[in-house]
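Heads up, the next two complexes both have chain A, just with different partners, chain B and then chain C.
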Partner chain A sequence: MVRQVPIAGVGMTPFGKSPERTARELFGDAASEAIADAGIEPAAVEEVFYGNFMGEFAEGQGHQGPMAAEAAGVTAPATRFDSACASSGAAVRFGARAVARGDADVALVGGAERMTNLSTADGTSALAAAADALWEVRAGVTFPGAYSLMANRYFHEYGGGREELAHVAVKNHENAVENELAQFQRSIEVEDVLEAPTVCSPFGLYDCSPMSDGASAAVLVSEEYAEEHGLETPVAITGTGQGSDGLALHDRASMVETPAARRAGERAFADAGIEPADVDVAEVHDCFTIAEVLALESLGFYEPGEGLAAAREGETTADGELPVNLSGGLKAKGHPVGATGCAQISEMTKLLRGDHVNSDAVADAEVGVTHNAGGTVASCVVTVLEVMG
Partner chain B sequence: MSEKARDAGYDDFLDAVEDGEPYYLEGSEGDGWLPPRSVDPNTGGELSEEPLPEVGELESYTVTQVASPAFVDDAPFVVGVASFGPVGATGMVVGVDPDDVEIGMAVELGVERTETTDDRVLAFHPR
Partner chain C sequence: MVRQVPIAGVGMTPFGKSPERTARELFGDAASEAIADAGIEPAAVEEVFYGNFMGEFAEGQGHQGPMAAEAAGVTAPATRFDSACASSGAAVRFGARAVARGDADVALVGGAERMTNLSTADGTSALAAAADALWEVRAGVTFPGAYSLMANRYFHEYGGGREELAHVAVKNHENAVENELAQFQRSIEVEDVLEAPTVCSPFGLYDCSPMSDGASAAVLVSEEYAEEHGLETPVAITGTGQGSDGLALHDRASMVETPAARRAGERAFADAGIEPADVDVAEVHDCFTIAEVLALESLGFYEPGEGLAAAREGETTADGELPVNLSGGLKAKGHPVGATGCAQISEMTKLLRGDHVNSDAVADAEVGVTHNAGGTVASCVVTVLEVMG
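Presenting the complex of A and B:
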């Protein structure tokens, strides 16, 4: 980046089921926590960048940018970002760029989603809108269905099967056990995953992230503002990257690669001046178990076909060489889609500054990466966070 | 009460499949696409209409148990992605036991009606 962007504060509601709570209320809580954590007043915020995906469908509320600002007690200009499940990742990226460019000294970024007020069937419909409505959804493709197509093709090309994927779910549940913000604070066994009811072959229920309600927020500031106001900012965003791809899986050269994530990762790493080998800890978009595998390969941590065994081999567990999804990931922390990208930022910030329940697993970590994907990775935002020297 | 509007490109393509004359849009580098498109998504260049190969190859599939409301009465059903020469398409795999579906199998395009809504759906018939 032109300049690193200090993270002055983060906030996040517990993720889970609160069907009666509106997105505005959820975001108000997360934003207030982030603003308090930053040690600033709401009036200091100069611009709001907010992610939300299914507001019209879930609660008949579009135009959520100004709604988010109002909920946060902020009168600054506000814009909603929709990149499906990467909505708040995009919001964070544009907020960080605004600060890096000098357009704003203080940006409030984040997102919210209310989902569990919908039935499973309606929620399935709402999520499917991230796919190609003409050519995929009308053929019966659901969101789990689309990732199932990728998983079955992956097995066909590289071998492996459900058991390796089950280890991804087991790992992420284990990481969430002590995380009070997580939707599922319980461990599971490989057998639990394999014996769960089928959603779409090869996925059972435990291969899929849940429907969740929740919000996340962060306050990004310029280095000058932090210094002038004596803010403590131990962690900064040092690189961001974004990639796009065709909406429909069938239009891609390969169903087992996610070039939008590869491009986003390459741009973010170049932006920060780092290599994949420099990364100490990662939060990746495991909306389905196969998605974590594809993320690890796209970011250059593993060669194509070799990411599947990472969790089973203990390489990405809390005590592994590269801990992945110490928050519990989308699988166990929960996945209120519009909140997920900034929640990754919130959790990673805490992991790096030492006040996350799982910080001890990465006590010496200096570089963290977040990977936030939309649809079948037709959108992807990768963000590099570093401990400030 | 207004009648539901057609989706140009999509409904035209299904009509063409039903008429036995499916087509695709080809870019200057040989990539193929389904309509509607004004330009090649990869190059921004012009597209020409070409006849779609009759036989495709199934690239992947999944048996869906938990369906969206528009497909609840169809579940369980098989959805697949198939390549017809340079063109990829997504369709419901019909006329075969789900246990007998395999990646790599030859399929032909067709148009069926869904159980749930009686809407048209692009279908793959094993050859």
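Presenting the complex of A and C:
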């Protein structure tokens, strides 16, 4: 980036089922926590960048930017970003850009999603609006189906099967056991994954992230503002990248590659001036177990076809070479879609500054990366966070 | 702005009823026209900023950023902005910012909306998602109702009535007569407005903008890029401003003021280094006749309570002191909501560079302003365009 963007504060509601709470209530909680964590007043916020995906379906509420600002107690200009499940990743990116470029000294970024007030069928249908409505959804494709196509093709091209994938879910559940914000604070075994009811072959229940309600927020400030106001900002955003691809999976040259993520990663790493090998810890978008595998490959941590072994071999566990999804990931932390991207930022910030329950696993970490995807990775935002020197 | 942002090309579909055409088809047309008008190749586009409001309801399609990029034939990072009826105004603002700040040399901005494939009732219901779903829509408020409250309160505070408002509609219809892109290319009389069926008192049919399908686009480039590639860019964006307010009308201190527009205008004028008195021509968000009145007051062209006289006295007609909505405005040009903000940019660019059918009315104009509002002006984006010296 032109300049690094210090993270002054982060906040996140517990993820899980709270169907009676509105998105505005959820975001109000997360934003208030982030603002308090930053040690600023709401009035100091100069612009709001907010992600939400399915508010039209869940609450009949579009136009959620002003709603989010109001919930946070600020009157600054506010915009809603929709990049499907990468919505608050996009919000973070635009907020970081605004601060890096001097358009704002204090930005409130985040997102919220209310999902569990819908039935699972209605929720699945709402989520499908992130796929190609014309060419995929009309043919009956929803996201478990789309990602299962990718998983089956992966097995076809590189070998492996359900058991290898299961290790991704087992690892992420294990990471969530002590995380009080996570939806599922319990460990599971490979057999649990293999014996779970089938959702869409090869996926069983534990291969899929859940429906969740929740919100996330962060306060980004300029270095000048942080210094002038004596804010503690041990972690900063040092690079961002975004990539896009066609909405429909069938238009992709390969069903086991996600070029939008590759491009987002390359841009983010170049922006931060780092290489994949410099990364100490990552939060990636494991909406389905196969998605974590593809994410690790697209970011250059593994060669194509080699990512499946990562979890099985223990390379990405808490004490592995590259801990991935120490928060529990979307699988176990939960996946309120519009909140997920900034929740990765919130969790990574805590991991790097030392106040996350799993911080001990990455005590010496200096560089963290988040990977937030929308649809079948038709959108992707990658963010680099670093401990400030 | 830090730097002015040349407008290299603009494009716009005809606005009107084309219920069989998808938003992606519409945007593909507008984007292709803008790209051809700019004299660039699609591959030169470095980022896409796209506005859409009700795609979830009209087509079951969210996540429209990648879809828009694909329709335009580009693979650049693409983001969908939802600021209700100010969605593509927001897209233009973020695109202009990115170019002004050096994040991109070539940005494709625009928006699209498909509306008339829905019934009027379903369309009205979809639009209501821009209001406060919890506190307004549940109580039965839709937008004709919300704006009628503002109009009645205006009459109560300042006097005047339906006949004064009618002049706004008459003027905007008159401006659209020769505009081949406009939905209603015919003039009306004050009696037509007064005798039209009531939609919601004091509004008759002609006080309300129509349901429309359509798309708009513009190519924004850096000055360096324009020079290097020999592009003709007679008009540039020189300032932008955005403002937000609470979603619900009942929370506003006054129902006849739109502070989000006032703040957006002040910021845009300061950004461009101009005063309201410097403005030669304006396109404002006349979703209802009263909305044009409030827009002119909030931008500082008229004192509170004095805007209603503007149209009646002929001050804002094509040969008035400050021509307003020479395109026909939302009333007569049409209002495919997600396309409207960038359509204002497209029309204003043509007005200022001399190739709009109504350019003769503003042959000496150097400064144009667009005002694009969302909801009951809970969102507003104001953009300043100037003839490049």
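A few remarks follow.
Everything that follows uses one rule, which is that the second predicted complex is superposed on the first by the 389 of 389 C-alpha atoms of A that agree within 3 Å, B and C clash if a C-alpha of one lies under 4 Å from a C-alpha of the other, contacts with A are read in each partner's own complex, and residues count from 1 in each chain.
By definition in this document, a residue touches a chain if its C-beta (ideal position, glycine included) is under 8 Å from a C-beta of that chain, and two chains touch if they have at least 3 such contacts.
The structure displayed is predicted, hence computed values, not measured ones.
When chain B and chain C are set side by side, the one touching more residues of chain A is C. Of the two partner chains, both chain B and chain C are touched by A:L134. In the overlay built on the shared chain, the residue A:E306 is in contact with neither chain B nor chain C. Touch criterion met: A:F94 reaches chain C, while chain B stays clear of it. Judged by the touch definition given at the top, the superposed model places A:M150 against chain B, while chain C stays out of reach.
Of the two partner chains placed around the shared chain by superposition, chain B and chain C are both touched by A:G246.
Of the two partner chains, chain C is the only one that A:G60 touches; chain B does not reach it. The residues of chain A shared by its contacts with chain B and with chain C are 128, 132, 134, 137, 246, 251. Residues of chain C touching chain A in their complex: 2, 22, 24, 48, 53-54, 56-57, 59-67, 69-70, 75-84, 90, 94, 97-98, 101-103, 128-134, 137, 242-247, 260, 263-264, 374-375, 378-379.
Those residues of chain A that touch chain B in the complex are listed here as 120-122, 124-125, 128, 132, 134-142, 144-145, 148-150, 152-153, 156, 197-202, 246, 248-252, 255.
The touching residues of chain B, when paired with chain A in their complex, are 7, 9-10, 33-34, 41, 59-72, 74, 77, 79-83, 88-92, 103, 114, 119, 121-122.
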